[in-house]
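What follows is a pair of complexes built around subunit A, which joins subunit B in one and subunit C in the other.
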Partner chain A sequence: MSNQVDTLSAESPVILMPTSIEKAVELKSHYGLNGEFVSGATLLQLQWLNGRKTPEQIISLEQLTELKSIQFDQHKGELSIGALTPLGSYQTHKILKEFPIICTALKSIAAPGIRNRGTIGGNIMGRVGDLIPFLSALSAKLVFQDVKGVKQIEIWDWFQQTSNSDFLLSHILIPLDRDMLESHTFYRKVGRRETFTAAILTVSGKIKWDEEGKIINAKLAVGGGDNKPMRLEKTEQLIIGRNAIHLDWKTIFSTVAEEFVAAEDAFVSSSYRKKVAANLIVAELQSQFAKE
Partner chain B sequence: MKSNIQEKEDRVRPDGLSKVTGALKYLTDLTFPNMLYAKILRSAYPHAKILSINTAEAEKLPGVASVITYKDVPGMNRFGIIIPDQPVLCEERVRTVGDAVAAVAATSYEIAEMALKLIQVEYEELPIIDTPEKGLEPNAIKLHPAGNICHRSSYINGDIEEAFKACEVIVEETYELPRQLHGYMETEGGVVVPQEDGGITVYAATQHGFKDRFQLSRILGIPEGMIRIFSSPMGGSFGGKDELNIQPYAALLALKTNCPVKIHNTRAESLRASLKRHPMKITAKTGTDRLGKILAHQVKIIADKGAYATLGPAVLDFAVEHAAGPYIIPNIETGGVSVFTNNGVTGEFRGFGGNQITFALEGQLDRLAAVLNMDPIELRQINLRNATDLGPLGHRIAPTDSAALVLKEIQRLYQKSNTPSKDSNWKRYGSGIAIAMHGGGLGFGRLDSAGGRIFLNKEGKIEISFGFEECGQGLLSVIENIAIEEIGCSAEDIQIVIGDTSVVPVSGSSTASRGTSIVWQSMQKMKEPFKNKLIQHASISLSIPAENLYLGPTGIWELGKEEGPCMTYKTCAEGLLDSTVLTSFHFPVTPDAVNGGHFLYSFGGVKVDVEVDILSGMVKVMSIDHVISAGPVVSPKGFRGQIEGGGVMSLGYTLMEEVKMMNSQYATQNFDTYLMPNIVDIPFDTNVYAIEELYEGDIYGPRGVGEIGTIAITPAIIKAIHDAIGCWVTKLPISSEDILEKAEARGMLSWI
Partner chain C sequence: MDINNKVLDNPIDALMTITLTVNGEKIDIQTASTEKLVNILREQLNFVGTKISCGIGRCGACSVLIDNELVNACFVMAYQVNGKSITTIEGLGGVTVDEVQEAFLTEGGFQCGYCTSGMIMAVKYLLALNPNPSESDIKEALAGNLCRCTGYGGIIRSVQSLAAKKIGI
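Here is the complex of A and B:
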């Protein structure tokens, strides 16, 4: 009987541990849909537990140390983050610590134990992570690799395409202005408790203005939890080109609330999410421009 | 974190090291040779007829040892501490999604799980009753033969109709409270091992080993003497493991397969099958004269019982009893009804109905203070009980001035409130207070046996036994500290034995804030006879006058001789034939025949500061001060742990915890959507102040503090929110959506 019992136990996947990016993408190309890239496995673990099919071959990225590096190119004004960088690196990595807004975003994800294993790349590639709208607001680019070569794509464009998981995300490139005086970047997460909870919503934005206070660029994004990440393009258009002192707060509020396609579940209504997103964006803008 | 409680000895709790290192074995960690693993098939519907159950396919699955249904229950197919109305395995009807229909024992959990999927149950769905109100409708389908009312309870004194006519101010409000999950770390589980004599040994957490033994004997149809229960230690309970949970299934399968059988609920299984706190809807109408003296108080309670009774009737009685709390109200009418529904079963939960009713009572006081434009403390003072006043059911209670002492201390803390004086742009700050009175013990008319045993065992240890369980509350520390204090020995001389029905005396349940009280009272009764036995023996053996001997560390000492004991406990044990002292008594009870009325009460007060974010409606508690009057503190760290922990449990209850049900199905299945506070939600500024003095002549000693820290915090938070934004919250958990709407309505956001 014992032999038969063994055949009944849950099938265990094979875990492959390539040591180079080339080998990793080769394995993926070989196994196709039967193989899956896995980094920290914090989100996947949860999904497997909730019924997502476990792949026959797990291609563990753990040994790809080259994807854990972080560099800041002063000349280009570009931060490059390796996809396997743990979410918790904001506490330890010298370069990341210099960008408080990125640290704030990373710190809002999950809990310390999970941030030690979960990776920045995994948060993006899971397609539901809090970083997607945030990085969209920052106009980040993703660097992918497959057996044919390397390609770069804006995160927002990537998100709108159907996912192609044959590509391995290797780096995230974030343009960061050196002159922070004329721009404001923000990220806020609202959850049902202070920490370690799915977001009710997140709002992110980057606003740039000139010396006269005219807004010359604005990227606003919402998402988090079950909300599909989205850019608030109507709201962006509403404020770009305006002088900050002429912003119409009521219209901004109603435009955000109208534009945000917010999720609804047993715990939080869609209309609440819309209102809070709009409140937070108005408050962020007011913190820069409102003359009391 | 501040406290006025002095750490006298700074002892480490007896189970401290093993818990911190993880070395401690819980009963769910046990394994035995040839052990099988079991899973329970729960109902697919909240309410349905069972047309047929076919287990043939499941039985054929390799690795499956046994599949049981109601046909396999040899004794009474029911359980329930007060009213045994819950089927162990349902026969022809299911009343909740937690109902068990079949169970499987197999060589692994995976196989047992697969076997569950092969059991074919044909159901015919029935209309559901998903609210108590629907259960009360005249044409509602009957969930039980006697109908849908599980229990009614009331208390009337004076004439409220007349009294309301005389009132200057009347406030009326309906308070709604949610279904809370105990959320213990260790889910229900354990192992049942069959014995050669046809009996069983049960290793499964419970708050009352003897009660489990009784209930299992009824189900299995075997004498209690053939059942041995190991009930301790457990990884938390809070009332949730008081009732039977997995024990009947593991026991039935163990007897049928003649193998040890283990069941350990996953979190999702636990959430589906476990008890919860009663959701209640409480309507209160309260009136005062011009000066704030309460003349009339009318309270209507409707509780969602879920499908079965368990301890629900007693919870409702408790809520009715505490409707007036520590206030003297000349005209009162309290009526409660507990109604069966197809929702998950509700039952015993730390606070036991006191949380719900005190939320309503203190809410009324705060609303009255607002209408009267009066200081909330002053209003409470005017109406507060005096030391020798009767209890809340007009019954005699142990005289106590604790209510006034607690209120005075809360007043002092309130006056030096540290709320930021200036609100920031999007934050509003406020402070609130509340007080509470909480009965300990089971109450009048309930069998409330207490007792303990002490003797010198063969190894020369002073063995102290109680029929209690250690569920994390710190009972072992309490026993150790009281024993050291009363006997004079050292911690090393003591061996504590609890949680095994074959060796412990009857002490009653580890519930109702009674443990500390009973340990102390037992020791008062046992210490002199025990000391005398040892001293007499030493006196005769060593020819030293008994009056010159006393018990100390490691042995019996002679007055004036400090170099060491004249007889060690080990030597004493070798010569002394019988050192056993047993005590058995009834928990102190009121002499007046009032159903459920308590005699010993503890008192608590809370002051909190909150921050309300008006952009999101989120509320954050910034500080909590607890003031507790429950007699002398026995175990300082344990005391603070109970009060702080109790406060956090109710902070969660107030701010976020709700086992939401939709159409009698759980909308939340795990801790990803059932949110409990974590460390970031808890204010570091949490302080516990104890008032240790007992009222003159009080002979009852320290009271248990398992519950009192959970009661007053909810109304204090609600008052603080009112202080911050000027709105009353009536429904828990607080909805940030509701707060946001209130902030909008008050024009706090200029763009809306």
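Here is the complex of A and C:
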């Protein structure tokens, strides 16, 4: 008996390799649902193996080198990451290495071999990736292109809309602070063995406060594994405008647990996930505000 | 460009000819566009040192290098390796064994050996990026490689012994 890995189907798709974004979106518009954008294909191959229909045309994005650029605009205070940037780039890319929290998030996804193929854009556009809640907490914007032109949208607004698969994601724009406010950004992933089983959950957040300790802005998000990415908007409202020393930890804990719509499976209950998320968020806030 | 006639920048048909360099040797192959690299290596080219276990990117048994980057060969398709250079376990060393293989032999880095070729490719990649890895760097680099036998102690020791030799301690 020969030991083989299943190939997708007897009729393999036609591979189209456009060399410009304009050609890629033209192809997508032409083939519609029969054509699929493919970056590293690490998520798609899993989905195809799980029964998702393989496309007749693979529109491979891998020759679009303009989608691999990473730039930091000092003037705007904005990091721009090309959608085709591999997850593993945090190990070698000079600019990414300057942002430890981004490296932490990228490093938490899959294992090195998959991170060298899987891309940041694919993680987002698959609509289940760990980067969606993380980038929502950072108020990242997505730059899309289709045959009609270019548009920008905040990642959380995009995620709440129904997906339009004709758009090509070209860049992710991450605002980085230029104001003098104090801030704390965090990303935590909880799982059993990171590369072998999906995450139990991830929590992410960005909190800003003024010199008196008043919380000016808070973005909190959860997701990971089978949990649908979501912002914790009630918890955000609970803490915005409060002085940090007056935070009521018990209410924060119960609000997170109440609003997180956590997945349930044979191994991990929904109530356990809620408790873990609430504990992590409280611990992250306390790491900043419960010191004195 | 005429998309109706599929006259594209790079027209490739479902059954395609790809050119690869495997362990330094240039090879042309006719294959389905989505054939897995691990099948091409094992079935068409007889490089059976690369193993298959899970087949879904989770165990690392099929690890090889593409243009010096670690990948899972069960999760890379034929069209994705066209024009690329692949290194498999057979491409390491030469007349004698490679230094990583030697370290695994000396330090008891394997038992049944099924995971070993994948482990060794992952260690080659790690040491190319970081010649002096800490224990946590080693664990992170091998997080995608599962071993059912060794309990990982011997594997980590093998990498540490090699790093110590490289930096002369």
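Here is the rule we go by: the second predicted complex is superposed on the first by the 273 of 292 C-alpha atoms of A that agree within 3 Å, B and C clash if a C-alpha of one lies under 4 Å from a C-alpha of the other, contacts with A are read in each partner's own complex, and residues count from 1 in each chain.
As a working rule, a contact is a pair of C-beta atoms (placed from the backbone, for glycine too) under 8 Å apart; a residue touches a chain by one contact, two chains touch by 3 or more.
The structure presented is a predicted model; accordingly, all values stated were derived computationally and were not measured.
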First, second, both or neither for A:A41, with subunit B first and subunit C second: second
A:H30 touches, of subunit B and subunit C: first, second, both or neither? second
Which of subunit B and subunit C A:A283 touches, first, second, both or neither: first
First, second, both or neither for A:K275, with subunit B first and subunit C second: first
Touching partner for A:K234 - first (subunit B), second (subunit C), both, neither: neither
Which of subunit B and subunit C A:T92 touches, first, second, both or neither: second
Which superposed partner A:I114 touches (first subunit B, second subunit C, both, neither): second
Which partner, subunit B or subunit C, touches more subunit A residues: C
Touching partner for A:R52 - first (subunit B), second (subunit C), both, neither: neither
Overlapping contact positions on subunit A, where the subunit C interface meets the subunit B interface: 4-5, 8-9, 46, 111, 193-196
Complex interface listing, subunit A residues touching subunit B: 1, 4-5, 8-10, 46, 111, 190, 192-198, 249-250, 252-253, 266-269, 272, 275-276, 279-280, 282-283, 287
Subunit A-touching residues of subunit C, taken from the complex the two chains share: 1, 3-4, 6, 8-10, 12-16, 32-36, 38-39, 42-43, 52, 55-60, 62-63, 69-72, 74-77, 79-80, 122, 125, 129, 140-141, 143-146
In the complex with subunit A, residue positions of subunit B that touch it: 61-63, 107-108, 110-111, 114, 425-426, 615-618, 620, 655-656, 660, 662, 667-668, 672-673, 675, 677-678, 680-681, 736-737, 740, 744, 749-752
Subunit C contact footprint on subunit A (complex, rising order): 2-9, 11-19, 23, 26-27, 30, 41-42, 45-46, 49, 54, 58, 60, 62-63, 88, 91-92, 107, 110-114, 116-117, 193-196
